[in-house]
Amino acid sequence: MVECPVCGAEIEVGELELHQIIECPVCGAELEVVDLDPIVLEEVPEVEEDWGE
Amino acid sequence: MIKAAVVGASGYIGGELVRLLAMHPEVEITAITSRRYAGKKVHKVHPNLRGLNLRFTNDYNFDADVIFLAVPHGESMKIIDEFLGSAKIIDLSADFRVSLDLYKRYYGEHVKPELIDEFVYGLPEIHREEIKKAELIANPGCNATAVILALYPFKGDVSEAIVDLKVSSSAGGRRENVASIHPERSHVVRVYKAFHHRHEAEVIQETNVKAQFTVHSVDLVRGLLATIYFKMETSEKDLYKMFFRYLKEPFIRIVKEKGGIQRLPDPKYVIGSNFVDIGFAYDEENQRVILFSALDNLIKGGAGQAVQNMNIAFGLDETLGLSYLPVYPI
Amino acid sequence: MIKAAVVGASGYIGGELVRLLAMHPEVEITAITSRRYAGKKVHKVHPNLRGLNLRFTNDYNFDADVIFLAVPHGESMKIIDEFLGSAKIIDLSADFRVSLDLYKRYYGEHVKPELIDEFVYGLPEIHREEIKKAELIANPGCNATAVILALYPFKGDVSEAIVDLKVSSSAGGRRENVASIHPERSHVVRVYKAFHHRHEAEVIQETNVKAQFTVHSVDLVRGLLATIYFKMETSEKDLYKMFFRYLKEPFIRIVKEKGGIQRLPDPKYVIGSNFVDIGFAYDEENQRVILFSALDNLIKGGAGQAVQNMNIAFGLDETLGLSYLPVYPI
Amino acid sequence: MIKAAVVGASGYIGGELVRLLAMHPEVEITAITSRRYAGKKVHKVHPNLRGLNLRFTNDYNFDADVIFLAVPHGESMKIIDEFLGSAKIIDLSADFRVSLDLYKRYYGEHVKPELIDEFVYGLPEIHREEIKKAELIANPGCNATAVILALYPFKGDVSEAIVDLKVSSSAGGRRENVASIHPERSHVVRVYKAFHHRHEAEVIQETNVKAQFTVHSVDLVRGLLATIYFKMETSEKDLYKMFFRYLKEPFIRIVKEKGGIQRLPDPKYVIGSNFVDIGFAYDEENQRVILFSALDNLIKGGAGQAVQNMNIAFGLDETLGLSYLPVYPI
Amino acid sequence: MIKAAVVGASGYIGGELVRLLAMHPEVEITAITSRRYAGKKVHKVHPNLRGLNLRFTNDYNFDADVIFLAVPHGESMKIIDEFLGSAKIIDLSADFRVSLDLYKRYYGEHVKPELIDEFVYGLPEIHREEIKKAELIANPGCNATAVILALYPFKGDVSEAIVDLKVSSSAGGRRENVASIHPERSHVVRVYKAFHHRHEAEVIQETNVKAQFTVHSVDLVRGLLATIYFKMETSEKDLYKMFFRYLKEPFIRIVKEKGGIQRLPDPKYVIGSNFVDIGFAYDEENQRVILFSALDNLIKGGAGQAVQNMNIAFGLDETLGLSYLPVYPI
Amino acid sequence: MVECPVCGAEIEVGELELHQIIECPVCGAELEVVDLDPIVLEEVPEVEEDWGE
């Protein structure tokens, strides 16, 4: 069980590899495994598209 | 099969009820009423329903297990005696939604005050248990549904909020009015009500938040968006948590994307469905929470929610006849 | 359960296929493909579908009983080898709809000419029996469906016709193009094609009528209306009789009212459904027949008809997962 | 300064007349009439005109050199006696546009038949010389203007044509009607008139072409497009030559581009202006000429053309107060 | 005659500048630039301008007294050196509107910081005197113009406000983008920016109000409405007085009616004009002031205001070439 | 069996009364019984609404 850094949900995770991308089942955020011991997740940055208005 | 009657079936809510009930696997429509169109086929008013073998009547002597009242507010309370006792009643007007006190403050005199307390407020996400046993259900207003569901997680923590609404033309009903003709009503952002809109009453009652509604008519036929503002010291993460309570709700979707063009709720994404989409943002600099809540006013804001209430009150699966995915693009 | 895959699922037809198949009681979606959005959730492109647990892939190694190709014309014939033999294929592009001759006249060179004859033209109201046994189905064009179904009763009696079409923006697909941006594409009656539109080919093939299409883009997102003109000595009564053949068709409605405001077909009355509405008028003075044919281009004009074909080809009830009443007003 | 009065100023044509006349350098508005809004400021009905110091009256005792009648057809002939002789009259209704014969065929009984012949048909591009001397001018219909100007070069060469029209909601006037409310009138392609539309009469009179009009209401507030079809052995080059006659016309633009997205007329390109845009295509295979004619129904189709007629009848530069470039995008 | 050049004339602001300048009695257009369309006639991009004898160029070696820069923000500062000193410059981008501090907070790095202080902020109602003498003018943003003019009377009295904006698609420019295609951008109430919108910077600078913008894209091609909320103890009467200062302003109209359907500002009433309409309401119960401010983003929000600035800077009557009444209904 | 005067369909009818209004099940037209022996049906006139465009 790890806490999602975006929404705070407790996520069940299996075996993880460093730099693996997982998705939070609650908020849908894409999370990168940046450390394994203990497990640290970080949100993958995504750009807000700007269509200019 | 549940026998259902729709009173006021020539209006927009009435038409949508007929559409949904006709496709419902456990319902048989036994009567649809209209005074103006009595004797006419349903498709003379609702051209989408061509093919259904239904005719309007103005005879209230029908056989029904559930009666939907889809008449204007002020009219339900005048005609309800005709139906009391004969069937479960789901009233879509505003007549029995709020306490007498609030009613007087926002609407005026009530001709059936003694009945108000017998009604359950039909917002399933909040009053599911009471609805199960209810004989009389007051279906919430469309704006109120959107705002209450967004604000409910903050009940107790927030005392006032600004609610900026953008609403579609079908919310005004199928009524002649020079303000509603196409040349006047297209391409507007018209201030329909600057403040003290009647649906505030339901929000106060259900959330204890003194919400100030400013309602704008926009160029949509269906759908609405509520943008809600209030001050609060919090964080995005904590806001997510506030909405965890809705995770199991079949008709609430939390919409909050980081990227892409469609990051937050838009009525365009729920049209034709019973979903309400709720999203949020936190402006840390101003310590302001901004909530967004979108729904189809004729479905989750009206007929769909009424069918959801019927399902609950008759012990059916709550989602029966309501699991339609929104139509997109539209 | 039928296992279904949608190739080109990030487009408008693809999105509509996913929507309909997800609600279909006998179908399980096993793959949805996109090159641009591979790895993304379906709702990143189709925000209405939030809640479906589907992700785009660009891997064609999937398990399917039926594969829908919803890619642009010219692309189907390039990729079809990947799928041949593994499943029934329903192609929504124009690549296999018409004879090689007509193809050359209206489109140009064909890279898979040998396959054309193996395809059945998937217009159920005309080719139902062949579709039952088909492995390869070419789903008709949206304009072509509307026009052929209106003209088919006149096959043999009419040799040429003028077809004035009013079409919506979703017919152009989900593609960037300065001509399609909102400020340019709103409030238009734009001549998209003055004559020699490609869908004429299908009409010639199916009805032997040399139809001349003039296609106008109008300010709709969904739906189209075809207005069809030809000379003929006849009467209103005889025209009614021409259309008796469709009385048992589940997805054709004859719309012809004497009074009221909605006397003839309008795309507005079929949106969200698989109906095609057909009506007619006879201008006695000019001995001219005028036919009107309206449908939702993404449903009866595309994805809905493809599902109808699937139902027939797999021996299911033809209307399964397609009996939605149109959403109105919208 | 010309003193001008507008009778029926609370309607759409009336409002547009007030707008144009208020900006006209040689005109002073002396009266604007309305029965319903007598005593009210002009901006209560036309919110764009806020700032003009004008009030509606129902007193016809005004001082004017020119009187515009912008009342519904059938009403002009009833009230015209009040104004005859006192000023030049420009009637925007259909009452005095066509011969008694044609009137009876398309409208019915006429209460002022003796006046018909005293009116000049106010289409400047065809009747400029007569307009110069006219006291009574019958301003053409909006559809008729578009169609006549496109067909006029073919007068004598063509005997019948199909006219497929796409028209906006302002053409229906500022009147309550359930068919015109926003939810019903948005997103339509509604067959307003399948054949025998009244404006055919003007086309027959001015061009000798038996035009068959099929009129569709589309989702526009302003503007219309006429698509005109007839058989003729000709060529693109010869068609160009037919339209050379309009080269010096200040308000006719020939629109025919080879490339780009905007090759042919579209009402979107003329909104807010007095232009009529005319284009053409030749379908050699079918030997069919297709003409396209677009205008703003309230300007070149109504109020603008009336001002053009006024300019001519008062010896002013024909373009005075009318040289506005269209507003785009809109 | 003033010689004027428009750089970036193929965009929406550029096209509107050409339209207004071509009708301006004291201006001669000497150059219009575009890289993409160099060599093409102006009507290939702006079909409304057919008839103007102008061609795009990409040669900056032109002769001009005033140069309008209508290029995207970030681009003006890159190309401005080409033009400095040769003529008065009116920049419509955001590059020189705010102090370097605010620029960094809202936009990022600036490549011409030394020029910022030489620019005058071109909002005539506030900076008229400085504009008279200015060589370099930074034309305000469209949202900013609407909000600043509404809030300016409260400068000093109000410290923060919520600004809920409803904006049209032309505000996004003439650019390809899948988010902007008609099927995606029609019928939306899309949250474009939940908070921290860039135009906040101009509001802070000009009014000292910490405004929090929430910007929604709605289904309009032109126009915007700002709804502004803040707490204040006041009365309707006092609010009227706050706006007395604008009584003589030619382009500000105060819109506040008791009855009728059009009581408060709506973008629909200003389209095609240089007006900004401002209205207000006071919710006594909640002690909240609500301001409404509407304008045409391409005119008072862009090109019109730029022409107004030019008029002032060249000593002309400020309203010259700008006194167009709005087009309605539209 | 009577023929619908509007669409020509053969309609099954039961006992009819003079001036009774029936509806054609095929085309939906409202038909008045104007004679009984033999049965003659006539279409009930309905107005086309005109909303003025």
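Read from first to last, the chains carry the letters A, B, C, D, E and F; within each, the first residue is number 1.
Definition applied: a contact is a pair of C-beta atoms (placed from the backbone, for glycine too) under 8 Å apart; a residue touches a chain by one contact, two chains touch by 3 or more.
As the structure is a prediction and not an experimental result, all values here were calculated from the model.
If you take chain C and chain E together, the chains in touch with both are B, D. Touch-path distance (fewest steps) from chain C to chain F is 1. Looking at chain D and chain E, the chains in contact with each of them are B, C. Chain centres computed from CA atoms place F at the largest separation from chain E.
Two chain pairs, A-B and B-E, are compared here, and B-E has more C-beta pairs in contact (counted per touch definition above).
Per-chain Cα centroids separate chain C from chain D by 38 Å.
Chain B and chain C have CA centres that are 34 Å apart.
Residue numbers of chain F whose C-beta contacts span two or more other chains: 28, 49, 51. Touching two or more other chains at once are residues 12, 169-170, 172, 175, 177-180, 183-184, 186-187, 219, 221, 262, 266, 268, 329-330 of chain E.
Across the complex, chain B meets chain D through its residues 12, 169-170, 172, 174-178, 180-187, 219, 221. Listing the residues of chain B that touch chain E in their complex gives 160, 162, 164, 166, 178-179, 183-184, 186-191, 194-196, 210, 212, 214, 216, 218-220, 223-225, 227, 229, 261-268, 279, 281, 283, 285-286, 288, 290, 292, 294, 329-330. By the touch criterion stated above, chain D contacts chain E in their complex at residues 12, 15, 19, 22-23, 44, 46-52, 170, 221-222, 253, 255, 257, 260, 262, 266, 268-273, 277, 323-330. Taken in their complex, chain F has these residues touching chain C: 5-9, 26-29, 43, 45-49, 51. Considering their complex, residues 236-238, 240-241, 244, 247, 254, 256-261, 263 of chain C touch chain F.
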